[in-house]
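By letter and in written order, the chains are A, B, C and D; residue numbering begins at 1 in each of them.
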Amino acid sequence: MSSARPTGNRDRSRRAAGWAIRILRDPAALFGILVLLLLVAAALFASTIAPLDPNKQDLGARLLPPFYAEGGSSEHVLGTDQLGRDVFSRIIHGTRISLTIPLVSVTLAGIFGTAVGLLSGYSGGRADTVIMRIVDTLFSFPGLLLALTILAVVGPSFWTLAIVLSLRIWMVFARLTRGLVLSAREAEYVEAAELVGASPTRIMMRHIAPNLTAPLLTLAVLESAHVILSEAALSFLGLGIQPPQTSWGLDVAIGRQYVFSAPWLIIFPGIAIAVAVLGINLLASWLRVAADPEESAKRFAAAADAPTGWSE
Amino acid sequence: MSRREHLLEVRNLEVVYPARGGTVQAVRDVSFTVDEGESTGIVGESGSGKSTIARAALGLVELPGRIVGGEVLWRGRSLRNKKYARQVRGPEISVVSQDPMASMSPILTIGTQMTEVMVRHLDLGKKEAVVRAGDLLEKVGIPDPGRRLGQYPFEFSGGMQQRVVIAIALSCDPKMLIADEPTTALDVTTQAQILDLISSLRRDLGLSLLLITHDLGVVAGACDLLNVLYAGEIVESGTADELFYRPHHPYTAALLGSTPRLDVKAERLTAIEGQPPDLRQVVAGCSFAPRCPYATGRCESSPTLGTSSAGRACACWHPLDSHQGNLTGSEGRLGHA
Amino acid sequence: MPSALLEVEGLTVTFNVGREGFWGQRRRRLTAVDDISFSIKRGETFGLVGESGSGKTTTGRAILGKVPIASGRVRFAGRDITGMEGKERRSIRQNMQLIPQNPYGSLNPRMKVRDLVAEPLVVHQRFPSARRATERVVELLELTGMNPDDLYKYPHAFSGGQRQRIVIARALALNPDLIIADEPVSALDVSIQAQVVNLLQDLQRRLDLTYIFIAHDLAVVRHISHRIGIMYAGKLVEVANGEDVYRTPIHPYTEALLSSVPIPDPRIERDRAAKVIPGEPPDPMQPPPGCRFHARCPLVQKRCIEEAPPLEVKKPEHQAACWLR
Amino acid sequence: MGRYLLKRLSQAVLVVISVMVVVFVVTRLIGDPVAVMLPLEATEENRAILEAQLGLDRPILVQLGHYIVDAVQLDLGDSLWQRRPAIDIVLERLPPTIVLVVAGFVLGVLLGVVIGVVSSLRPGGWVDRAAVTLGLLGVSLPQFWIGLMFIVFFSVGLGWFPTSGSGGIEFLVLPAVVLALPIVGRIALVTRSSMIDEMNAQHVKDAVARGVSRTRIVLVHALKGAGIATLTIAGWELIGALAGGAVVVETVYAWPGIGFTAMQAIERHDIILVQAVVFVVAIMVVTINIIVDITYAMLDPRVKLDRAR
């Protein structure tokens, strides 16, 4: 009776405007979007934004505290590390790794996983059983520990890291895609299309595929947050990003030796990770709700503009 | 009007709930009563507000719905008092709803779901409650109650599930049963069994019944008094015979005309053209007027549910007495009383 | 008039429902439709009635080729279409359309009315695109009592009755001969239901359509059908002209079914005696031997338990499957 | 049931074997174990000796066969670092990890469920919003960083807990809390959302209408249903804590468990020991999976183990 979606022919632009308004209305989503924009900007224009070269050592200015502390200066806003490198500049440059690693891993894993899921869900039958059994088995692998082993043996590098991190994610995409395809195939309108004689290709493209984009996009955003955390953890353990590249996790690992004397070395890169992940998580959880009317109905059910729960 | 205390009295009830694009006026100025031992029906199509009324009669309106006016009284006391409503639900009023499978917790045994209310409201020990639960199952026609009590809802067939739901509803010996579309999810032979069970329980236990349904056939046999609901309002009320044989409101008549009957072969059903109004907008005047063949300029102002004859009320400026021949006569079956 | 438009002979449909045994080597099978036969003449409405699990919907789906047929034949306009698949099946679908039960689920919510109604036309290459088909779509919408202004709206903008009209317009797009309507009005309110039933009857007259009308509501089926088949637990137990089924039912199940339907008339309801038959339909995984109805039948005799009665002609134009009548 | 267990056990064995095969493939085919293990200045001769010692001079399939047969007998080779059976080292270091993981897991699940239930009682209220924010923080903060920050605040700043190492219960507090944080977050979010689903379910509404008490509604009707949904997530969390969280947290706090050991072994290029850790963890992971499935069947009467899968 009460329907969420707009009507009429000018839908598309109105719908886009509607989404924009909904993002602006939700502080959490707004925060998420802003964080993401900021991160992308920092990554793209790192050299311009960062005041100093992140790898420029200045042994005369070692372990300087941030601006607010005694001995701090506005030259090194967030202080310097044990080699006199500017912490703020390193964090800005660290954005590049923190964003490219998830971009690469999630893209790789997303494409592969979605393909497998489509195959599994659409073909059904034996192929489906076999694929899903394999995925189940792989899912029971001890994740991080295995990643560590691989990295230790193969040797850490950008690409091994990206690939190792995508090893688990593709399965999540495969499972989700398969589930979506299966439930979309069950939809009555899909059967209705089959009954008017639509070909399998048309069914797939016209009736099933449109159901996949929103959830898969949401998953991609969510998994990016996971990848940022995993990359940071692996870099912290010394098996991720290697110097001279910079990464927030790596910076925390280096700062760890000075945890008592120069805590800012771990505080700020850590905050960078936390804010990035939180922002992306907020965006993902908002997307999940926004893209799914049922979910949004149930969330904040007491809020004024929510539809009802009763049965009529 | 007699000042006798009614068992249930709903007085000028107004319920709204927010929805996208406005506030839905789900129930508008609805009044009716149910007395001891009486069986009252509320007939309406989907969206007419009948389930909302059923909930309100239990002192429950789910968020974000709100009662914005009127009263729901049980034995003269307001069920809008949450504490009182909580005391009354179970031992005084109970409910049977449409889908028995959905109505019971899938992961608790029948026994648990039957005894939990007894332990709370009847002050029974666990053991006594189990014995009573077994008796009740037997009473609603479930063989081998001892074994059945340990089973889960999914282990029963649809008809058996509805029997169990009825048994659960009866577990604290209530005075009134609210049955909200109790047979809609069931097959016709099972429906007959359940309707039969409800009416025999009613006789044996002296239960009052508030039966809410869209099915005129179901109320015809089960109810003494009827209220016809349209777009959140009661448009006509009276005894079952009066409403079925001499409907005054054009909607009631039209509803009868559009219901195919098994016993009479009609050439053509009299459909009601158009759609019910959108309750997010304020309905000015008679809500049925846009679909009504008799509507005139007068219908732009709201007719009141005036009492036209004893115990009978109809909210219409042009009740069908005046032009009976037009509708009932030509159908040749509404007038065969 | 040519003979039958549709002939169904010994149709049996079984489903695999999981596996048994340690390695899952044994399949558990359920016989949803068991050896049923009937035929439908051009221009008539054949009502298929039964309770849930009786196999009526499966029968419709088997005719449409949506479920595999275990044994038996389906002939459409004299042509054997049993087991047809792929392109062949798709071309047969031009002549055979479905009106499904749920008007809310059967229209893709992401497509506009025009694209939905035009889909069959585009798929079967009557028109190169939905846009080119607009004129025909308008015609179809008008035929089903919709407003052509609704062309560019999405399904959610419509009520259940209107959606069902869109579904009907879509089903009519290719000028089919046969329409299988599976509970087409059971999700609708009474007042709307009457609109759709009337529309279906009008369309039949105007376009010389043949209907299989599948429903559980006997009153609606009686109203719309010329001939009626009654199904019980996968078996067809009685087939006859509508009036004969209602006035002089032969099978005890038909009798029981008819007497279970409540009539919107208080006096009839009050005076009615013994309208209840005990029990419930049998578990389709373990159908009983003999007549499927014997456990609930008031007339049951030894033979009914041992041997399944065949569907045979008992009176002119009236078949039933019962040993006793 | 017995038949089901047998089936699951055979699947579990399959999983463990495939983990071993993957590790084998990675270490022997992609990596060069000898190069990794030997110091840089090693001679060709040293190399040959080590290869012979590890059996690397034999055909690869023979190696794999021996490797699996040995693993089945719990012979995972000698640690290069400590020069004794790797399995012994792992089993020695296992109890501290179990203590840590169980403590963190129990804490995380309990807190998570409580927060989830409380926040679901009034969806959209301030308690709920706070709980959701907390939950999101829990899953967003990097564990190693929180671990270090806790050391800075609670150990160095306030002096409440030791910075690292092991000993009495005071050593356990910080690592367990850090391990629990993401668990709290995810469990709270999942519990909340399934509780809201349950509370809106028809059977719960009808139970209210039939006069079941509010407490019973929440704690029995809704929570039992929500618990089934939470269980799967809890299983994943336990696995995650064991195979991931523990490595990070143990490293931060120098907690002498298998995670810390694994990191030490990696630093010392002791591939044999790393393999042993992976092997043992893999066994524990599949065991947890089986336990989760059985618990599932116990909680949800609709699940019949023999028919599952």
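Just so we're on the same page, a residue touches a chain if its C-beta (ideal position, glycine included) is under 8 Å from a C-beta of that chain, and two chains touch if they have at least 3 such contacts.
If you're wondering where the values come from, they're calculated on a predicted model, not measured in any experiment.
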Moving only between chains that touch, what is the shortest number of steps from subunit A to subunit D? 1
Between B-C and A-C, flag the pair that has more C-beta pairs in contact. B-C
What's the distance between the Cα centroids of subunit B and subunit C, rounded to whole Å? 31
Using mean CA coordinates as chain centres, what's the subunit A-subunit C distance in Å? 49
Centre-to-centre distance between subunit D and subunit C (centres being mean Cα positions), rounded to whole Å: 54
Please list all residues of subunit B that touch 2 or more other chains. 46, 55, 62, 97
If a residue has to touch 2 or more other chains to count, which residues of subunit C qualify? none
Can you pull out the residues of subunit A that are in contact with at least two other chains? 3, 301-303, 309, 311
Would you tell me which residues of subunit C are touching subunit A in their complex? 64, 66, 90-91, 93-94, 97-98, 100, 102, 105-111, 119-120, 123-124, 152-154, 156-157, 167, 170-171, 173-174
Given the complex, residues on subunit C that touch subunit B span 51-52, 159, 161-162, 189-195, 197-198, 201, 216-220, 222-223, 243, 246, 256-270, 272, 275-278, 280-281
In their complex, what parts of subunit A are in touch with subunit C? 3, 5, 7-9, 11, 187-199, 202, 206-207, 210
Along subunit D, where are the residues that touch subunit B in the complex? 201-213, 216, 220-221, 224-225, 228, 299-302
Can you name the residues of subunit D that touch subunit A in the complex? 11, 14-15, 18-19, 22-23, 26-27, 30-31, 33, 36, 122-125, 136-137, 139-145, 148-149, 151-152, 156, 193, 196-197, 200, 202, 239-240, 242-244, 247-248, 251, 259, 262-263, 266-267, 269, 271, 274-275, 277-278, 281-282, 285-286, 289
